[in-house]
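Attaching a single structure in structure tokens format; questions to follow.
Every chain is named by a letter (A, B, C and D) in the order it is written, and numbering of its residues begins at 1.
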Amino acid sequence: MLPYLGCIILFLIGIYAILTKRNLIKIAIGFCLLEYSVNLFFAFIGYKKDALAPIYANLSQARNFVDPIPQALVLTAIVIGLGTTALLLSVALRIYEKYKTFDIKEIKRLKE
Amino acid sequence: MIELYILLIISIGAGIVAVEIKDLLASAISLGIVGFSVAIMFILTQAPDLAIVQIVVEVLTVVIFVGVILKTTHIDTTLEDKLNVRDYLTKGIFALFGIFFLLFSILALKELPQFGMPIMKIASHYLVKGFEEIRAANQVAAVILDFRGYDTLGEATVLFTSVIGVLTILRKIGKIK
Amino acid sequence: MNYLPLFTALPLLGAFLIPLLSKIWERLSDIISNVITTLLLILSVYSLFLLPIFGKVYVYEIGKWAIKPIPLGIVFTFDNLSLLMVLVINLLSFACSLYSITYLDNYTARWKFWTLFLLMVAGLNGVAITGDLFNLFVFIEISAISSYALVAFGVEKEDLEASFKYQIIGEIAGLTILLAIALIYAKTSTLNMADIANTFAKESKGPLFWFIISLLTFGFLIKSALFPFHFWLPDAHSQAPAPISAMLSGIFIKVVGVYALSRLIFNIFGLNRLNASHYFNLLLILGIFSIVIAGFIALKQENYKRLLAYSTISQVGYIFVGLGLANFWSITGALSLIFAHALGKGLLFLTAGPVEKEAGSLDIHLLSNFKKRMSFYGIVYTLGALSLAGIPPFLGFFPKIFLILGAIKGKRFEVAIILGIFSLLTLAYLLKITNKVFTKKEGEEVKGVSSIVISFLFLVFLIFILGLFYLNYLEPNLISKATEAVISGVEYARLVLIK
Amino acid sequence: MTIIVKTITKILVGLIFLYGIYIITHGHLTPGGGFAGGVIISASFILLILAFGSEEIKEKIGYIYSSIFESIGGLSFLLIALFGLILGSYFFYNFLPKGKVFMLFSSGIIPLCNIAIGIKVSAGLFAIFLAIAATRFIMKE
């Protein structure tokens, strides 16, 4: 259970960065942390004690493998994370080009 | 599994550094440390496929971060301002929320199967069928491209979407006036 | 019905083809995407007639991995609720893509717009028909990422700011949902929704159950922009190009937020008024808060699209009041409102496009001093507004009546009164635009543009004709069946797994 | 960049590229697969650009080619799935003969899918890199 808790703490750090930081890059970093924590959580779920990676090396191998499904899901999640990070950073880059700052306080053109 | 706990602590520490440090380049590098410790944790949890992908993706993420930071600025100027009442209020509310979330999750996580003992209801069938019917040695490949191939189509589409999205956003002119 | 994969495969095919073919001739992308949205509309109308033959749920097993005895592969579960969503998605996306042919003359790089547009349609269709939890997440992300990029399609200052905000909030929601999926997988060791429903039916409802429910509710309430998670919506929906605003307000928040949440809480976790009355009361109260607060904010908005965006939040409140009351009448009302609001609000947001092009601004104050007359757009706008506010001959009248009936049946008279009164508020803030912008007597008449006019006529025709045939055709054949699918709860799992 | 970096890059790029192809084609036998291999291949291109710098024309060519290859990769993946629909009447049906386990040509459509994803991912990530990190951005102060 402790490893799961570690993931939750990492998740909270990510949320903390997103909610309290005013720098766009810091927010993007917080988002990356959030994503890593969820990926790690998935990997921990599939872990089985004293089992091998789910890859057969020979025909007569005992089937003592870790769960392959979370690994497949994390693979998808990593790619989705990469995609969103790239998009987020390109928006941040454009915002810097227009406003010359990453500070969220100075980027308030839209009214309440 | 002591190394797992050490890596978790390292990644939490590096995460805090990445969030709090003033130099954005150092921040991106700390993020890289988190990413690489995650990759090593993938190896420890017997997920070599994930470790490979995580390492290469991490390199790419850090390269993109550094690329953006070098083009713009590498000082987080927002940390120079003095904190006002509103900032303290946000932090206080977040602290309350965090403690509540942590307690609730501790209660909830107790009900999960113990760490290291997954149920593997579907997975045990995958491990048999993937070898005997699909005849793939790598079961993760069998899952992502045969049993759950449709998800992978979705994943490839997500990447495609974000590539087109990045190209869209980096256009010089959007509206014709 | 083995054409079900085409609902996602066709738009994906279009999206992959457009970057290749548009290098030859850029206008080809217009043709490809309009052909594809037309085909999708035909397919979904065809399904409307075909589904009753197959019974309540049609299960499609991808990759020939049978769902019995163990659900190995991903399945599509196409029931009446999915049918309703698919129909709404494709009706509106047909109208929006028709509209965009001329609208896109204002922007550069039209092929990028079309690619992202088709990807968004593919994502939404995928969400509506899937029967697998992780697949649901993947398709939510596809539609979400394309919408982030589309909100910033104009790459002006405000667009980028709105897009960044929207993206951060949307991704927090997405990752919360993913965390919930991880917990569900750890507990049940399966990803098939019906199988999950069966597993949870046997469990007692401990802290883990409620932790998962609260994560999912948090995520999906952000996606559906219910108060107090609504703050991102006015920016994103008012800065996007007009057809994208229409898609986002009209269907995106409903498919990704309302549909996904109601599928999960009713059909998978089997919550209903009897075993989780607090949960539904919470939804009800948040819904009422949305109606009231967003309604009053909308009343004092001075920007055409921001007003409409706040109106969307208020209408989402109505939908959640319907879900929160959770009886047959109120859910019929909520589902009809999804239909009516998609067409009505879609129409209203689409009118913003030509108005902005003519006047060069969307500030209501400036528009009221604009010299030319726009009577055609004015009539179209007013018809849509009347429908949304619930004025009788139009489609929007029936959802409100059903919601009020549902409140009375649920012995919540105060809710019924609030719903009745705030329908008037809806009328007030929507007609504010008619009053200030479209009631000029003199001045030169603005000419309509071809494809925009056709899409307007299509939507107005639908609002009118569906309103006429609502009680005879639409309600018994589509909406009450979809309501049944929601109300019957975990019966869904039995129907899916019985095959 | 210095001559040392350039020389080492020249040697390494080919190796990295080959390694990426190996990872892709052996995705069903060993760890890795279309995605990991695709990222490695795109990394080899990125290394080339980082070491030798890039001219605007080359970038533009790289840009166009990568977007073409990305579409082709996505399209072929989708077509493999649709072939399943046509030949086996099920979307994503594994319609090819499965062969013998541990052989390169085994497990039906999986290697083909891996190759399609590899093409798509390498081209897509290279395009992202070109767009974000390498183009001289419109940032003249």
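Keep this in mind: contacts are C-beta pairs under 8 Å (C-beta built on N, C-alpha and C of every residue); 3 or more make two chains touch, one makes a residue touch a chain.
Everything quoted here is computed from the prediction, not taken from an experiment.
Chemist: Using the stated contact rule, I'd like to know whether A-B or B-D comes out ahead in C-beta pair count.
Modeler: If we tally the contacting C-beta pairs, A-B comes out ahead.
Chemist: Provide the C-alpha centroid distance between subunit A and subunit B, rounded to the nearest whole angstrom.
Modeler: So the centre of subunit A lies 2 Å away from the centre of subunit B.
Chemist: Which integer distance in Å separates the CA centroid of subunit B from that of subunit D?
Modeler: 22
Chemist: Between subunit C and subunit D, what distance separates the C-alpha centroids? Give it in angstrom.
Modeler: 36
Chemist: CA centre of subunit B versus CA centre of subunit C: separation in Å?
Modeler: 29
Chemist: Can you pull out the residues of subunit D that are in contact with at least two other chains?
Modeler: Residues 30-31, 35, 67, 70, 74, 78, 81, 91-92, 94, 101-102, 125, 128, 131-132, 137-139.
Chemist: What parts of subunit A, by residue number, touch at least two of the other chains?
Modeler: Answer for subunit A, listing residues that touch two or more other chains: 15, 45, 53, 55-56, 67, 69, 73, 75-76, 79-80, 82-84, 86-87, 89-94, 96.
Chemist: For subunit C, jot down the residues that touch at least 2 other chains.
Modeler: 12, 15-16, 19, 62-63, 73, 134, 138, 141, 145, 148-149, 152, 155, 160, 163, 186, 189, 191
Chemist: Select the category (line, ring, star, complete, other) that matches the graph of chains linked by touching.
Modeler: Contact map by chain: complete.
Chemist: Along subunit A, where are the residues that touch subunit D in the complex?
Modeler: That would be residues 53, 55-56, 59, 75, 79, 82, 86, 89-90, 93, 96-97, 100 of subunit A.
Chemist: Considering the complex alone, what residue numbers of subunit B touch subunit D?
Modeler: Checking each residue of subunit B against subunit D gives 48-49, 51-53, 56-57, 59-60, 63-64, 66-68, 71-72, 131, 133-138, 140-142, 144-146, 149-150, 152-153, 155-157, 159-160, 162-163, 166-167, 170, 172.
Chemist: Report the residues of subunit D in contact with subunit C in the complex, numbered from low to high.
Modeler: Listed in rising order, the residues of subunit D that touch subunit C are 64, 67-68, 70-72, 74-75, 78, 81-82, 84-85, 88-94.
Chemist: Can you tell me which positions in subunit B touch subunit C when the two form their complex?
Modeler: So the residues of subunit B in touch with subunit C come to 104-105, 107-113, 118-123, 125-126, 129, 146-151, 153-155, 157-158, 160-162, 164-169, 171, 173-176.
Chemist: Can you check the complex and tell me which residues of subunit A touch subunit C?
Modeler: Residues 11, 15, 18, 24, 27, 31, 34-35, 38, 41-42, 45, 67, 69-70, 73, 76-77, 80, 83-84, 87-88, 91-92, 94-95, 98-99, 107-110 of subunit A touch subunit C in their complex.
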